[in-house]
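Everything on this sheet refers to the single structure shown next.
All chains are identified by letter, namely A, B and C, in their written order; residue positions are counted from 1 within each chain.
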Amino acid sequence: MNLLLKEIRHDPLLWLLAFVPVLFAAEHFKPESHTLLFLLSVLSIVPLAALLSHATESVAAKTGDAVGGLLNATLGNLTELVIALTALNAGQYMLVKASIAGAIVTNTLFVLGASFLLGGLKYHVQEFNRVSARVLAVLLFLSTVALLIPSAVSQADSATAAAFTQKLSVGLSILLIVTYGLSMLFSLKTHRELFVSAESGEAGEAPWPIALALATLAGVTVLVALVSEVFVESVQKAAEAFGMTPAFVGFIVVALVGGAAEMTSAFSGARKNRLDLSVGIALGSASQIALFVAPVLVILSYFIGPTPMDLQFWPGAVVMIFLATITAALVTNSGRSAWFVGVLILMVYLIFAMTLYLLPPRV
Amino acid sequence: MNLLLKEIRHDPLLWLLAFVPVLFAAEHFKPESHTLLFLLSVLSIVPLAALLSHATESVAAKTGDAVGGLLNATLGNLTELVIALTALNAGQYMLVKASIAGAIVTNTLFVLGASFLLGGLKYHVQEFNRVSARVLAVLLFLSTVALLIPSAVSQADSATAAAFTQKLSVGLSILLIVTYGLSMLFSLKTHRELFVSAESGEAGEAPWPIALALATLAGVTVLVALVSEVFVESVQKAAEAFGMTPAFVGFIVVALVGGAAEMTSAFSGARKNRLDLSVGIALGSASQIALFVAPVLVILSYFIGPTPMDLQFWPGAVVMIFLATITAALVTNSGRSAWFVGVLILMVYLIFAMTLYLLPPRV
Amino acid sequence: MNLLLKEIRHDPLLWLLAFVPVLFAAEHFKPESHTLLFLLSVLSIVPLAALLSHATESVAAKTGDAVGGLLNATLGNLTELVIALTALNAGQYMLVKASIAGAIVTNTLFVLGASFLLGGLKYHVQEFNRVSARVLAVLLFLSTVALLIPSAVSQADSATAAAFTQKLSVGLSILLIVTYGLSMLFSLKTHRELFVSAESGEAGEAPWPIALALATLAGVTVLVALVSEVFVESVQKAAEAFGMTPAFVGFIVVALVGGAAEMTSAFSGARKNRLDLSVGIALGSASQIALFVAPVLVILSYFIGPTPMDLQFWPGAVVMIFLATITAALVTNSGRSAWFVGVLILMVYLIFAMTLYLLPPRV
């Protein structure tokens, strides 16, 4: 416990934890101030996600390499998963889908682009391991194919019934989870030399004792779930107050909030000229959303939530996912980066964000 | 003739030839058992295709390098061409188009993916010549652009008349055949050093005398045509019995049956760590379908078949062809492969197959 | 002035300048012969564009490297810009948009493909700097994303209002111009070593004195504007006489006429085995159209022209731009070229041209 407090004292990001009790107080006394609740929940999720990430790493460090790697990979997007589950439970399927698509695009474009830019402002040209970057880019591209197909097929054929999309989505989810399992076998067991361990970046920090780590993991997950509930309830109303479309909120705001912890690791890697770390976090997280978070949500939607959810995305989101993965494949191909490449990738992200911001709400 | 019998004794695949007379007997005595006829015709086409392939190689070996290469390349997809011609003659345009699209996707994804997987299970990392793989991938991508354009343009513009699509298809077919001729000049004459001869894989087998080879080529082509007729007649009814959609049959079943002979070569190449051979067969066959088989069918449709055929594919098939060629370009880019890359490519193929299997038949 | 006359005497392309007075005479005496006026205006624009290009380079040579590079880059597509502005002023938005899309596709496919073919007919295999080619291809791909998005989003969603597209187009234009400014900073200042100076190809020619260069620049721009006016007025009527669709005229004819001067530089570079020069001109020009010419036209449309113009292109044009940029990324990836690669790229261009030529005019 002392260790936990010490950690909090040394990491300014964790000072934001003070907002968690403020949020619960505000929810109790001012349940109608949606904008306030929204802002407080954003400020609370960010440090909780950082704690979650550190706790996961500590558990992983104790359990040995293979199991630890598996834990890290699986719980790496726990924050996104908990937020999406809360929204699923509230029946907000559009928010869930927008946040899946948004998390893929945000990791691929925003995290990668900002890493290249931040690194490039300090170093003239940065090199990274292009063999593993290519493997990651191919993995990401092929992971997202399953998300593109239902929309591509049903967009093309108006007679295609909802029943088809639903059955297809379950089938695709099973295929994706199997592929995810095999990707773990590949990256943690048979070909681990190809993958830079994203965790080695935190090597400076001492891992927590296992009891503290497990307790933090459990406790913080519950807190994230509680905060997410406020977040999901307030986000749409608050968005209206800020003039944001629902698409923009799910795609951009939720994705940025949910991934804040990983982003800080990716950016600090880039500033230390360890671009492999940044590329690994950006593309690895995006693949994981496609291969693990999305299918798990489809399958869990049969148990929680009013009706099952499918994998058919809004066609504009499909185009954005596709362009983002092609961009990742093109820019990582050479294994070199400079500031302007980061600018270009960020510009594509800004184009998407602007499009979603201006998009009139659909009827 | 003895040589032919000896060959058959030594190659278990050719023992399936016994099903050819059984098929013709069944067709005569039980013309209504579509499922039986379908299964027998599949079992008959596979060994006939293998014989055809060996006969072509023997003729090619006798006629010298350039002409032989040309023969090999042109007759390499003879089985697919004969099946498609039979379907064209029966006026089954949807089956013809599905089998063209399916042959491209199956060669690109299934043959390439299974080769990577089979090779990867034996070797930790396999390398292949990435210069020729890139040339093949670019050739494949650009070959398929002609197949994407009619759907892309007319999908976008509902006022576009059928007359436009028909004229465009004839023009595209002529362009494709000219390009095919130039690709032969390139790969057999001016830049042959870039291409690994796919035939050298069979180096162990002695070529047949030219008379035997020519007689086999002629006789087996006739047999394939006769068997194809039964296959085309029975496939739709049998598919219904198995609960398969027509799209699935054309795209997956016909493509797998028609390409079985080449697949065995590609897979045995991969197991011998000769991945260049596998990549050459997979991408070479797919390009050839796009550059040669498809336009020849369009042009022949003016002479056989009830009405002319165009090159406008179902939009879902267009998306699948496009994703398959992009996948081929991405995975061959590095010139290295491991088992999981094969798994990923096969997963995309499974996604497509599952989509087509579940697709409700269109009205 | 003597220098200018000497230059004209030595460059056969400039002899076409004789058509400029003929054009103005014809316009005065035969204002109804649209076909004649069209042909004369084409013959006049080509040498004027060449003069403009030489004058720009001379000014650039005098003003020092950074400013000169900026001038060269900004005025490099001055002819295209003036033609488009004339069409904008005449309210011919479809022609403007077709010429933007066409200039990108023509530079990417026709200039690149013909350079590879012309170079490849002389040299067995040509190598070029693949690091800078990749940067250019990525820059081109990401530049065109902004042009794809409005159509992708609104195609997908019929409820999207014109007001949304208009607002989005202005926002995108501002983003594109900012990116263009940053790309100048990158290519002329911080990372100039990555870019081959396209101008060094003309090193043999002595730059003109600054006064002559500036006077030529001003005078020829006025002439181009006057000739463009005749061109824009006559092109549609002439096209009908030749049986060309408006889409074909804007996409192919205007793009070929406007870019004729640059093309000659790219082709002569390829024949001298300086393929870096050709790739730089082809991909650089295409990026510049997307990053600079297109957004400037959108913004200027608020000041000239009957109503504002947006960035929403015909979906077929979007597909063509996308396929062209992917093609550029694939073929420049290896840094090597041979004649057949040029043939393939040109075939894709021919496919597009044939499609546009046959396309029935939309209602």
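Basically, contacts are C-beta pairs under 8 Å (C-beta built on N, C-alpha and C of every residue); 3 or more make two chains touch, one makes a residue touch a chain.
On a predicted model such as this, the values are computed, not experimentally measured, just so you know.
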Rotational angle, Cα trace of chain A fitted to chain C, multiple of 5°: 120
Equivalent interface positions on chain B and chain C, same or different at half: different
Averaged-CA centre spacing for the pair chain C and chain B, given as whole angstrom: 41
Sites on chain C at which at least two other chains make contact: 155, 326, 333
Chain B - residues contacting chain C, complex: 131, 134-135, 137-139, 141-142, 145-146, 148-150, 152-153, 155-157, 159-161, 164, 167-168, 171-172, 175, 179, 182-183, 185-186, 190-191, 194, 326, 329, 333
Residue numbers on chain C that touch chain B, as the complex places them: 124-125, 155, 314-316, 319, 323, 326-327, 330-331, 333-334, 336, 338-341, 343-345, 347-348, 350-352, 354-355, 358-360, 362-363
